[in-house]
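Okay, so subunit A shows up in both of these, paired with subunit B first and subunit C after.
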Partner chain A sequence: MTEYGFFIDPSRCIGCQSCVNACAECETHRGYPMIHVDFIDRRNTINTVPTVCMHCDKPTCAEVCPADAIKKNEDGVVQSSLKPRCIGCSNCVLACPFGVPKMMSELEQMMKCDMCYDRTSSGKRPMCATVCPSQALAYVPMEQILRERREKPANLFFFGNEPVRTKVFMMVPPDVDAVSIDVLDYMWEPFP
Partner chain B sequence: MAVPPNDEARLIERFGPHPQYEPPGGWQDESRRPAEKLVKTHCCFCGQQCGIQLKVRDNQVIGFEPWEEFPFNRGMLCPKGVKRYMQSGHPDRLLAPLIRESSGFREATWDEALNRVASRIREIQERHGPDAVAVYGGASLTTEKAYLLGKFARVALGTRHIDYNGRLCMVSAGVAYKLAFGVDRSPNPWDDIPLADVLVLAGSNVADCSPITTDYIWRCRDRGGKLIVIDPRMTPITRNADLYLPVRPGTDLALFMGMLHVILRDGLEKRAFIAEHTIGFDDVAASVKPYDPATAARITGVPPESIEKAGRWFATCERGFALHARGIEHQSKGVENVLALINICLATGNIGREGAGCVMITGQGNGQGGREHGQKCDQLPGQRSITDPEARRYVARVWGIPPEQIPQAGYSAVEIMEAIHRGEIKALLSICFNPLVSLPDANFTAEALKKLEFFSVIDFFMSETAQYADVILAGSLQEEEEGVVANVEGRVLHIQQAITPPGEARVDSQIICELARRLGHGQHFPFQSPREIFQELREASRGGHADYYGITYEKIDRQMGVFWPCPSEDHPGTPRLFEDGQFFHSHGKAHFVVTEYREAGDPVNEEYPVFLTTGRVVSQYLSGTQTRRIGALVDQYPEPRVEIHPRLADDRGIRDKDWVTVTTRRAEITLQAMVVRTIRPDTVFIPYHWPGRKSANKLTHRTLDPRSKIPEFKVSACNLRKSEGPPEGA
Partner chain C sequence: MRRVNSKSESLWREEFAVEAAAEQYVSRRQFSKFLVLTSIGMFAGQIWILVKNWFRPTTVYEEKSVAVIGEIGIGEVKLFSYPEPADACIMICTAADHYVAYSQKCTHLSCAVYYEREANRLECPCHEGYFSVSDGSVLQGPPPRSLPTVVLKREGDNLIATGIKV
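Moving on, here comes the complex of A and B:
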């Protein structure tokens, strides 16, 4: 069976919110989108960026959860909190380096993107990546993305000295191997 | 007198628009139960006509599933497509015919409503002649309905005056393509877009208006293709442009003439192609002589070096591809803008080849199919001219009437409203059109509607225009009647009937046939189903340019669409036109057509120094009759805002979210500002999907392109000032 990967390319995003609207159609959280699209700085640019769960190898959200309510499946998908365990403390919301989990106060539970587990586990593609008109969100085989795209996939991120490896790939310029988001990563002298 | 009941609050309470947030049965309850069937059909909104599977249960659409096998969109959908099904079971739905009394609308039986319409029309025609009645159609109708409506106007009513809301959309492109190529269709399939080396995107906000085309453009970029974007605003598609030309509104023509000047000056034209396949080159070459880059730059506000670069990139690549939309077409020189772009394509031999060509991005759902078979004021089925004696003879034979009984060409959409205003047209029958929101100069439209002696509307929701109607006939949503449409590529698609109309509402084609019967012309309207209408349409289109004779519903399903022309059942259809170098003019050559630059119809001056341009946002569609009733789409962009550059805003002391009054020579409206650096400082933008105090079309003007009769929505002169506060009712 071909292994599908999830790829995000913000440079393709047109901010249409199709992914967010489609997310709310998913069986496990009908009416509630788990992902979001943001304008980076609408005054100065039309650029937008979609955010879905990156599904970290070592999910910070799970590590900081005092109730042990967040589980990672064997296939690397990090699930929403287990409702009987979640105490609604929002630790995960604060700790996630990518800003993904949301406290759903109406449901008294943290919920997040689970890569459409009900769909992907039965051979369907996630709603957001299926409908995305720009394919800024894409769920396709790795060899297809390597063959077709100008950008290349990366899944290693540095937050300062903290490496985070994820199941979801970010499309980056061809000469970039890892995504660093902190000035520290570009400085010459070590910072204590 | 067609005057709306004066209690607006009560009208809105009863008929909406109410935003629907949940599927029929609710998110957690009925709609969670499995669907009874998945219906493979198409989105009801724009000209992309994306494939979609509707989930149906208990005769309601309860959700959707992407249709990944359909080749055009491969499962992709914009937010409108995702939420379109929320119209099912909508509380605002018209469930029975309505007749207006002094106290408001009351429900009526079909017999009473239809008899009222037939008798009032007969009465008015007896008193004032057949042309005192006009018909408005729409480009969201299936091709069967559009065909039927054209026949209804000409045979059952005998009026010259039928036109449609595609007059606000595709007509400039249509006229230009007919003049240049002899046929009105995008010559290339969309699969050609990724294969181009250089794409020119002229006046097309792809991200908001035709989102699915985005992925085609990005795939071109993945292959190393260059993207040139021409627009006074940086729309989202600009984020990856290799060259951005921020053209001053209304000056695109000078830009294109400047590009062609560069190409000819540098000797980059394809001489052999021009000699073999075109006529009229020398005159066009002479006409662009004065438009050197410096001159073109002075008119357009685009740097001369960018004009040079755009011209050279397009002329020196192997495969150049131009896409254009309403930005260049909604102008009083809309036809010439398109012609000038075509001239560039012809001069560089970029036409009729894989990855090379010139296409129009159709705006409305059936914008292509809806204009081919007879609801245009000057056209008969098969894209035939109504003035052509042979075409009249052919169609009259199909219809079983003498040719002289077919009326001559009538007024276009805006001209019909003007004829109503001056009292020449006394009655109007309208379907699938909300002119109060979508025509320019909305206050004029409101005045005109009030002058109608009789007004009847076929619709599924109470549009703002329908509030003026004497009789409203409760019609059908797209998913409630089978039929065909043609998408942006000229690919004919099959719309399936997923459900039947609720309550007493009826399918549109039955309403029209029933009216024809009551007007005494039943023998020409014996149709029991859309399939029967399609059989006659195939025959009526046979031998015309838009030849559907070889298309059947089954063949569409089998092939996932059939590109016209398709003259016989064993013909596969024609995805790419002109591949053999043959154009549709009788001599087989393409025409270069001379264009002449001139000022816009509502020029800026000291009093009105700022350009106003209007357009769409991604979550709304046309006049919003449908999309202003879907909660998620309303929330995404709840109100129109005025986009203003910080430099202009600072000059007027306006900050983001301030209330701003925008004034034109017609009217003023007050909206909130959206201060953004993504628009020219001499231009403001307002989306047009709303009525009343939010109506951008109160500001626009009725200047038409002399040939296409399209209004100049994209260029008005305005002024703006900071308002003390929100307007009344905000």
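Moving on, here comes the complex of A and C:
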């Protein structure tokens, strides 16, 4: 079986919220989307970016979980918290560098994107990638994405000096190898 | 049951693995080892406490004159402090020439106890703890131990506190 990869291209995102609604259709968390579509800078641009779980090699959410509730399985997919273990402390929500986990206060449990594990584990594509009209979220083999796209897939991120390698790829300009994120720079806001 | 490829991982990380596949149940041997070692540790700790208790220095109390005979009548009390000025004590004259004294601090939460003459007992008003006047033992309520007794000695007309019996 061909190895499929998950590719996010924010430059293709049109903010249609299809992925959000498709995600909310899922039986396991009906009505609650596990995907975020955010405006990057609402005042100046209509650009949006979809955020699904990047499925880190060393998932920070799982590392910080005091209840041992977040597990990564053999496919490298980081699962939602285990219901019997999760204590709803929101440590993972605060720790995730990508801001993925969601604290479901109604359930007292953290839930997050698990790459539609029920689907992907049996060879189907994740819900969001199937409905994305611009294929900003694409679940395709690596060869295909390299052939079809101008951008390059990258899965190494630097948060300051902290490298984070992920299972999900971000499409970046061809001359970029790793996405470097200056956290302080993003937090900085000019005085009004 | 240790996995060979996780030598570099710390033990706690091994036990609380991030990978679902690396999760393991504690083996019977590991559990028995834990039980035995913990029991040995507990036993050693008890012995250590015992030995430490043997070598504990006994507190030496200074003698201090706290009252004179006839200063208080039968059923009356006198408050004094012993051995330090901050240690409040209460003395009760229970019968002619018969005096008892206790620390005034309730053993529950250190409220000041007072003498309740009608019922002939010491009462702590905070949580309704009652102590016996005859020996300071707990009659009722939350206090866990009896009141420390101030040992009194009579010397002529003076009542002298010579120590505290817990």
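By definition in this document, the second predicted complex is superposed on the first by the 182 of 192 C-alpha atoms of A that agree within 3 Å, B and C clash if a C-alpha of one lies under 4 Å from a C-alpha of the other, contacts with A are read in each partner's own complex, and residues count from 1 in each chain.
By our rule, a contact is a pair of C-beta atoms (placed from the backbone, for glycine too) under 8 Å apart; a residue touches a chain by one contact, two chains touch by 3 or more.
Note that the coordinates shown come from a computational prediction; the quantities given were computed from them, not determined experimentally.
Touch criterion met: A:P133 reaches subunit B, while subunit C stays clear of it.
Contacts of A:R165 after superposition: neither subunit B nor subunit C is touched. In the superposed pair of complexes, A:A62 makes contact with subunit C only, with no contact to subunit B. Contact with subunit C, but none with subunit B, is seen for A:K71 once the two complexes are overlaid on the shared chain. Counted by residues of subunit A touched, the larger count belongs to B, out of subunit B and subunit C. Looking at the shared chain after the overlay, A:K83 reaches neither subunit B nor subunit C.
Once chain A of one complex is fitted onto chain A of the other, the partner contacts of A:R125 are limited to subunit B, with no touch recorded for subunit C. When the shared chain is aligned, subunit B comes close enough to touch A:N47, but subunit C does not.
Contacts of subunit A with subunit B, set against its contacts with subunit C after fitting on chain A, share not one residue. Subunit A meets subunit B in the complex at residues 11-18, 20-22, 24-25, 27, 30-31, 42-48, 125, 127, 130-135, 148-150. On the subunit C side of its complex with subunit A, the touching residues are 16, 18-21, 23. Listing the residues of subunit B that touch subunit A in their complex gives 21-22, 27-28, 31-32, 63-64, 66, 68, 73, 75-79, 81-83, 206-208, 211-212, 214-215, 218-219, 221-222, 224, 234-240, 618-619, 632, 636, 646, 656, 674-678.
Those residues of subunit A that touch subunit C in the shared complex are 58-59, 62-63, 68, 70-74, 79.
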